[in-house]
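One chain, subunit A, links the two complexes that follow: it is found with subunit B in the first and with subunit C in the second.
Up next is the complex of A and B:
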């Protein structure tokens, strides 16, 4: 593998609201495993804020991870050995392999060598090119900075690269403001390829471009992959672009990879509830009759939902996905005091207490029977109700017991990996 | 055929130090009542310029050199044409500013109430320091103060009996007409809208709605407020004495308060959860999707005949975009408004539009139903635009060679000719006119000459 990341995690410190408060931690990337083979295109798709760019930067060592590791140019059998050490808890074995391959363990010349073996093309062609430098300086900068070649050689290389990305030679003397969006992105690509890297991260390479220009850039990227066998990670929110370009697809949600596998499986036959919704939301002429419209928004990463981070929006969520007493109480209030108000004591109140208790106060005799029936009727729509394990009466109170929850791991399912408790198999029965 | 909007041969130029940009070069649009027309095209083809011109918001360096914009048959931009014909060759931009002032005055009763626009840049649309409810209330107060006044007066007159009666009607499935008739016979005009809006809420259960309807009466009106509201109803607007400083604030307060109440109803009709809380929030407290819903709510607040939406979902994530597109489909069924939906993304338009117009270099070069645009595109540009977009099903894509022209020096003849694979001699010399090739299918391209009659 050109690149393999294991349990890669990146947290940012955010200023607290009050001057005395502890700084808050925002986990932008959470325990990500990802790998890229030689000449392989791996897609990372997700909505804004899901951690795609942060993952890309951490993979290249531009950000240092809070946990986990990135291994560069590691033979497949060594990687298997490494995964074996990790599984068996052999810290020493794992550390010795990290010593050899981790990009975070390299210094000096070795680090420089690795650096010239990988590169990034950024999201926004309008701000990623220095406006004071001409195209020649932009493209040759990485060559000279890494002492990759002598200045006169670098000029030749620049001309070669311009040709490679389909720009006339005289563009070498233009400045960014004299280029169109597509031309800027070609220059950024030429710069990214200058040192003939083995690994390239492309962050939203076409998001700022018109579709006609996007098509040109995408076919250029394919050509480059064929010719130089560069391993690429393409980051985008555009599922169709991923579908066109990638061999392997990783779907990110709230810092986690929720589904990962071959494009044909993940895009055409998704299994994670989020991927299913994401792909059904792609607009198009063939409006799907079974389109899933997700409720709400992506979660706050400073204080993410417990259990499965997707559970508050998940159309398939069930009892152990992470429901809290507060989440259940919101739905119960609607049922008890509004939708079915006539069926309960007028004074019935839903309340939550410390330690996650959930109680209905001032219940009349027989209310728990009604409640039980209503919960059964409504839990198809209100997934939070599936987490209610039982009712118990204490005087005029009905106490509700909430099921324990689990945090999904990566499970193998139908040719891909998926992080959803629906696929936990035996692990689920525990 | 009755058209809400009829734009013909609209031409517009921007005067800059670096030259004259020919942004619009003869745009034609016919928009029916209740229809959604999509406008698609690459960046810089003039989509936003077109939208802004229809609503009469032009930058000061813009000159409309020709064309008409008719809203329900009335010309909106005669003033602009007049200016251009007087100063055709070297317009004085200072004069242009005066013209804009004049235009603004003319359009004061059109903009925001008969035509409204959702702008491309979502950050500029909401005022960051005002609460959501206030911002909605303000547009309502400016454009329809009498509607707010009637609502409030009706609540001060209504009796418990009336409300119980109304509730019974609603529970028995009464339609809009009969609720209206009910309000009229009891001289409670203004109450019908509130009854229906509460009754239609999906976020509340029946018990809450009953309670809300039965408590519509409880608010009392002071003497001053009563006088203000009665005056607004009889004049149909906020008139003279209410503008007197001092009185101004006080007389508006009652209208703004009522606007807030109506804002809650509007937000709930846009499927915004907890609208009572949302009206108290500031824009930054809301997610991008919520902000966009509120911007749409403001655009729809006064029941305009035409709403122009410029890239309403382009800044949103796909799952949120799907929510908004779903909402637009519902709105179309509920309001009898015509929409122009601008997007660079054809597949977004495919979801909600009845017809799509393809724009290139300041002209609409093809208009047809969504089906025809995708299954039977005629203009070479349309074909290439569609085949440039990757789909999730995979399959090859085709880039369009060349680039959009520099509109200071637009190409001769058909402006697409430098990029067109089928270019003929006459394409370089003459500009093809829009022609009907089939009912509902118009195209401006010499490949289809003589297939059917001229545009009529």
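Up next is the complex of A and C:
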């Protein structure tokens, strides 16, 4: 594997609201496992804010992770050995392999050598090229910075690279503002592959470009992959780009990879509810009768939902996904005080207490029967109700018992890995 | 490499073309050049304009009351019988020299402090910024007067006082420029390409952050001259014979109703320079901005 990340986590510290408060921590990437083989293109899809760009930057060591590790150019059997050490809790064995392959354990010349083996192409070519440098200086910068070759040779290499990305040689003396968006992205690509890296991260390489230019850049990327066998991670929100380019697909949601597997499986036959909704949202020629429109917003990463992060928006959620008393109370309030207000005592109030208890106060006699019926009726629409285990009457109060929850792990299912409790039964080992 | 040299020459030509396209900037440049030429002539060969005593005003106590403009005195005279035309020519040299001194000292100190503050960050940054806050909280003219009062009444101390008042402005501006440039993707791209931190600083951040600071400095030359003459006008001047535009203006103040020219001509000399410098700065901004060149 060119790159293998294990349990990679990146947290950002956010300044607290008050000067004396504890700084808040935003977990942008949460225990991500990802690997890229030689010449393999791995796609990372997800909506904005899902942490995919942060993941890309951490894979390159541009950001240092809060936890986890990134191993560079590690033979497959060593990686298997490493995973074995991790599984068996052999910290010593794992550390010795990390010493050898982790990009965060390298310094000085060794780091420079690793650096020349990886690079990045950014989303916006308008800001990723220094406006005060000409194309020649931009492309030769990595060559000279990493002592990859002598300055006079770098000029020849620059001409070679320009040809490679389909630009005329005299562009070498132009400045970025004299180029179009597509031409700029070609220059950025030439810079990225200047040192013939083994690994390239492409962060939304086409989303700032016109559609016609997007296709050119993508086919150029494919050509380069075939010729130089560069392993790539393509970060994008565009499913079409992924399905054209990638071999493997990782779907990210709220900093976690929720589904990961071969492109054909994940795109054509998604199994995670989020992936299903994501793929169904792709615009096409035909109106899709079964398009799933998610309700609500992406979760707050400072205080993510408990259990499965996707459960508040999930159309297939069920009892043990991680519902909290507050989440259930929001739905119950609507039922008790609004939709079925006539069936209950006028003074009935849904309240949550400390320790996650959920109580309906001021209920009249017989209300629990009505409530039970309503809960069973509405379960299909309001997934939070599936977490109610039972009712118990104490005087005028009805106490609702909430089921325990589980945090989904990566389960093997149908040729891919998926992080959803629906598939927990298939595989409890992974 | 011939190709590169040709390209560079093309660039210079383009810069000149961009600047010339801005007519008002051209006017500004011409006026500034006239002021500079006058200062140089006064410095090296004042006889060229028939002036002998460059560093002092020549009073005429036999006829101290201001005379209107005439062939003998093109701009008239001011109290006490000082010829305004030659005095203004002399004064421009003094004002220009001390204005440049103030801007150079203040700007260089401020820019260095700003860059260091932005780069090091943390406690140092916080301390420096709070110090600049203190400077900003006091009206600059009063602060300059206070500092000048402590240092002593001479032109050199007066400009030092102004430089002390002015550096926080440049420190702040340079700091903010540096910080915002740091966030551009091309800095991250350079990091991804393995460029060292010092190299990123000198190759990417400073070349992009400093040009606007230089523009600001050139723009300030005009306002510094105004402030400098203001200080002289309110009496902050070493002796009664220094040819200085603000001081010249104050000489005619008592006669402003009967002899307005005694105030107008030195005043115009100050205003025109401040205006010209601003126009010039506008033109420079066009030249330096790569986006306006295409």
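Throughout what follows, the second predicted complex is superposed on the first by the 425 of 430 C-alpha atoms of A that agree within 3 Å, B and C clash if a C-alpha of one lies under 4 Å from a C-alpha of the other, contacts with A are read in each partner's own complex, and residues count from 1 in each chain.
Here, a contact is a pair of C-beta atoms (placed from the backbone, for glycine too) under 8 Å apart; a residue touches a chain by one contact, two chains touch by 3 or more.
From a predicted model like this one, the values you see are computed outputs, not experimental measurements.
Enquirer: Of subunit B and subunit C, which one contacts the greater number of residues in subunit A?
Expert: Subunit A has more residues touched by B than by the other partner.
Enquirer: Now for A:207: first (subunit B), second (subunit C), both, or neither, which partner does it touch?
Expert: neither
Enquirer: Check whether A:239 is in contact with subunit B, with subunit C, with both or with neither, and answer first, second, both or neither.
Expert: Only subunit B is touched by A:239; subunit C is not.
Enquirer: Contacts for A:267 in the overlay, against subunit B (first) and subunit C (second): which applies, first, second, both or neither?
Expert: First partner only, subunit B.
Enquirer: With both complexes overlaid on chain A, does A:297 touch subunit B (first), subunit C (second), both or neither?
Expert: Only subunit B is touched by A:297; subunit C is not.
Enquirer: Just subunit B (first), just subunit C (second), both, or neither: which does A:218 touch?
Expert: first
Enquirer: Going by the contact rule set out at the top, does A:364 touch subunit B (first), subunit C (second), both, or neither?
Expert: After superposition on chain A, A:364 lies in contact with neither partner.
Enquirer: Considering the complex alone, what residue numbers of subunit A touch subunit C?
Expert: 57, 60, 62, 112, 115-116, 118-120, 122-124, 127-134, 136, 141-142, 145-146, 170, 173, 175-178, 188, 191, 194
Enquirer: Which bits of subunit B are touching subunit A when the two form their complex?
Expert: 42-43, 204-208, 287, 289-290, 317-323, 325-326, 344-345, 347-348, 350-351, 370, 374, 384-385, 388-394, 397-400, 403
Enquirer: Going by the contact rule at the top, pick out the subunit A residues touching subunit B in the complex.
Expert: It comes out as residues 47-48, 180-182, 210-216, 218-219, 237, 239-241, 243-244, 267-268, 277-285, 287, 291, 293-294, 297-298, 334-335, 337-342.
Enquirer: Give the list of subunit C residues in touch with subunit A in this complex.
Expert: Touch residues, subunit C against subunit A: 3-4, 7, 184-186, 188-196, 199, 203-204, 207-208, 290-291, 293-294.
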